[in-house]
Amino acid sequence: MNIQAMAQDIPVEGEHTMEGVDFITSGDQYLTFLLAQEQYAVDILCVEEIRSWEQPTKIPNAPSYIKGVINMRGIIVPIVDLRLKFSIGEASYLDTTVVIVLTYQSDNNSRTIGFVVDAVSDVLNVDNADIKPAPAFGGCVGPQYIEGLINSENKVVTILNVAHLQKVEPHRLHS
Amino acid sequence: MTKVLVVDDSNSIRDMVSFTLKSAGYETVEAKDGQEGLSKAKSSNFDLVISDVNMPNMDGISLCTELRKLVNFKFTPILMLTTESSAEMKMRGKSAGATGWLVKPFNPEKLLATIKRVVK
Amino acid sequence: MTVDLSQFIPSFLEESFEGLELMESELLNLKEGDNETIHSIFRAAHSIKGGAGTFGFDKVTEFTHLVETLLDEMRDGRREITSKDTEILLESVDCMRLLIEAARDDDNYDHDKVEQTTSRLAETLGDEPSSDSDNQSENIVAASNVCGYTINFIPEHSLAKTGNDPLFIFNALAELGQLTLSADCNDLPALVDIDPQELYLSWQLTLYTDVGEAEIREIFEWVEDECLLELVPIADTSNTSQDIEVLAPEEEPQSQSTTTNQEQLASTQNASSAIAGAKESTAEDTNIPATAKDKDKAKAKADVGSIRVGVDKIDNLINLVGELVITQSMLSELGNDFDMDKVDRLTSGLEQLLQNTKELQESVMRIRMLPISFAFNRFPRLVHDLAIKTGKKMELVIKGEQTELDKTVMEQIGDPLVHLVRNAADHGIESCEVRLAKGKPEKGTISLDAYHQGGNIVIEVKDDGAGIDRQVVLDKAVEKGLIEADAILTESQVYDLLFEPGFSTAAEVTDISGRGVGMDVVKRNIQSLGGRIQVESTLGKGSCFRVHLPLTLAILDGQLVKVGSETYIIPLIAIVESLQIDNKLINRVSGDMVLYRLRDDNVPILPIYQLFNLATKCTEIDKALLVVVEADGQKIGLMVDDLLAQQQVVIKSLKDNYQQVAGISGATILGDGSVAMILDIPGIIHMALAQAQHAQREKTDGNASVTAEVCL
């Protein structure tokens, strides 16, 4: 699959252009984004679309981090606020707040879910050998969600495991 | 281009024969039973007819007999696609004017090799 | 060249299963001397065998061959059709299905069953050796020194009439080695006597080749009965110099010279191998970038299944799209230079667009509609088997099998219907003696009927058996503790007890209907399809179970309602009435339960904002609207802020990307592109019930007399 073509296919809405991002077709590429001031990243091949924030339709009795569902070209897509899910920073909805829509293919089904983040920042080219395991003692992001850490200039980027992100924890209604 | 009429009541067999022939550069027209085969034969010329024997409405043997009555099909090779390789079966085909027979299971390579005995 | 046929396996499988169904239903209809039926059964088996052989499903081929042999004997009148043979054939159909499924899933099958049936088949066939391999012992060991053959080929004059052309045969021979030939024109009559359709020539051919005699003879396979054919091996040392001459047979109707023909042959071959090469390379091109993701996609797609659609439906769609295109171009032309004078044209154009869209929607929906015969066709066999198992006499009457139903509904209604038919055969129809004693015909009748009623389809399962004894049902319910001994129930309430979990009226659990799956499951399945079931019964005369189902699960007529800032959709079918709340009719009972007096009924009021934990301004009951809905015979008043429009909505699943949500049956996209949730009325009633019970448990036992039934 032509990564470059794919990366360019990602529609960008609003002011969030990917200007100045250089695409290199060797190695894995990750889309980095901000939660509070921290850098996180996901595999760019899973990124379906980047949208600006819009108020979704609420799902009754859903946990607070599930903001609701939106209509993405006829598909009903649930929206998860990663800041609430991981308890990072404040869940404020500004003009810069964006939703990264990820599609993850497993066995024989695929799930498409949108994730609310503070801002999209960059595309990183990463050699798999450079990915370091996350330290065992934890922050607020559960270890199952972390694929590894990567050093980018003087910052540390946490690579998130899309497969785990896409698993919707079943929640029950409580009266 | 060599044009072949493929007559079989089984979709999958018909598709396979047709697919095999097309991939070898033949042109094909399909019919789902003898009756349809006959009416398609009347409306166009063919260089070869490949027909199943057991079909509803009109079986392959009757189709063969009917085709031989048509001026355009007097010398056209007609091959019967059959699972029955018995001598009796072959005699019935022959007496109806069939050129030859292809014994199932259908094998694409064999089909292409054998039809060369009757067409370009 | 190699041709990959694996892409045809799905269509072969689909065809085979259809063939098996046909075999089964025809076998059940089989009567003595019914040749056409036997023929079509034979054809189905024959096709399955042929296809299975092609794909290397050897077990299927082997087994089907036995079946085919038996059918062949019946077809030729060599064997009388006995009911015993029919039973064996029916069993064989089951085995074939098992084997094909095993071949499809690359899985194991029930060996015992297949072996048993195989031996029964073999026994029936009279211990005939099962292998029919008329493999002529090929390859008569070629003499070691043979380097070729001299072939004398003297065809009968009529050879061309079978469509055989010696030229092509020679071309085929030429591919085996170096071929030279000479024609013998001695038989040629005087020109005036020549019949242009006859072949008067004979040939002597010399072929230098290393292939065996059998292979050469195979090329003459189709003409061997119409010619004299001699093959004389040429020893390696001998240098037979014969008059070798290529003669163009002028008298041939299709006169072509051998050489040009060969050239053409060669060019065709080149062309075909070039095509094959091109194909292979494109295949490679497309394969290289195929990642695991793509493969997953392909796999997922394979599971989706296909649907066969009549050409008329497709044609209709194409016509409608054509009309839509016309409307669209009319509208866009109108939009090019629009002024207010053209408003009328715009309005009529939009109306036309609405009409087009509606018709298109209906037609698309119709694609998913299949005649219910797809669900009904398994019942003749079922009833046949049930009659044997129960020792009762019964027949099945099917009506309305052309009634169309959505494919998804069809797939899910099969099992509940099987259960109802089993029930009718087991509990409904009486034994022959009882029936005769009651003055009924010895043979019981179970009838299946389907028809459209409004936007629904109704399926009836009727029997002329004993009917339901309400007293027995009541006694049983009391015994099981489902009702109080002194409870007074209406007729339909009594029948509803049949669908209570754990209720079974059969004195003994038989292996036919008492398989743990109760009528409660039947009811639940029907409800999950948005349908309901009704029972009618007359003691001694029979019973009728009537299943009402929506025609499609894809579209729903809905009432849009507003609760706080959210819009919800209530299925119209569930709505009894909508009303402005009259304060005087509100009653508070047992603490926090709010009931609304609706004529004689007391309907519990359920504020949606409370159920869904929404913030809303309008929490005052008397300012809100009440939408009274009903499910499971239970009415409930949903409190909403406002009623909006009624419209048809396309149902989208929440499960695809999320999960099932309690109280919500799905979502839809509204005209403005926003998403709205569709309320699941039975689910909401269930939730409310659970909440009420939960609330009750928190209270002291003082209120124990308030049962859930009173609450809800």
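Per-chain numbering from 1; labels A, B and C assigned in written order.
Following the convention adopted for this analysis, contacts are C-beta pairs under 8 Å (C-beta built on N, C-alpha and C of every residue); 3 or more make two chains touch, one makes a residue touch a chain.
Everything numeric here is computed off the predicted structure, so don't read it as measured data.
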item: Identity of the chain that, by mean CA position, is farthest from chain B; value: A
item: Top chain pair, ranked by how many C-beta pairs fall in contact; value: B-C
item: Mean-CA-position distance for chain C and chain A (Å); value: 40
item: Separation of mean Cα positions, chain C and chain B [Å, integer]; value: 30
item: Where chain A and chain B are represented by their mean Cα positions, the distance between them in whole Å; value: 59
item: Contacting residues of chain C [partner chain A, same complex]; value: 289, 291, 293-294, 296-297, 299-300, 303, 566, 611-614, 652-654, 656-659, 661-664, 667, 669, 673-677, 687, 690-691, 694-695
item: Interfacial residue positions of chain B with respect to chain C in the complex; value: 2, 9-13, 15-16, 19-20, 23-25, 54-56, 68, 74-78, 83, 85-86, 90-91, 94, 97-101, 104-109, 112, 116-120
item: Chain B-facing residues of chain C, complex; value: 1-3, 5, 8, 11-12, 15, 39-40, 42-43, 46-47, 49-54, 61, 68, 134, 160-165, 168-169, 171-172, 175, 197, 219, 221-222, 225-226, 253-254, 261, 264-265, 268, 271-272, 275-276, 279
item: Sites on chain A touched by chain C in the complex; value: 1-2, 45, 56-62, 68-71, 74-78, 105-113, 168, 170, 172-173, 175
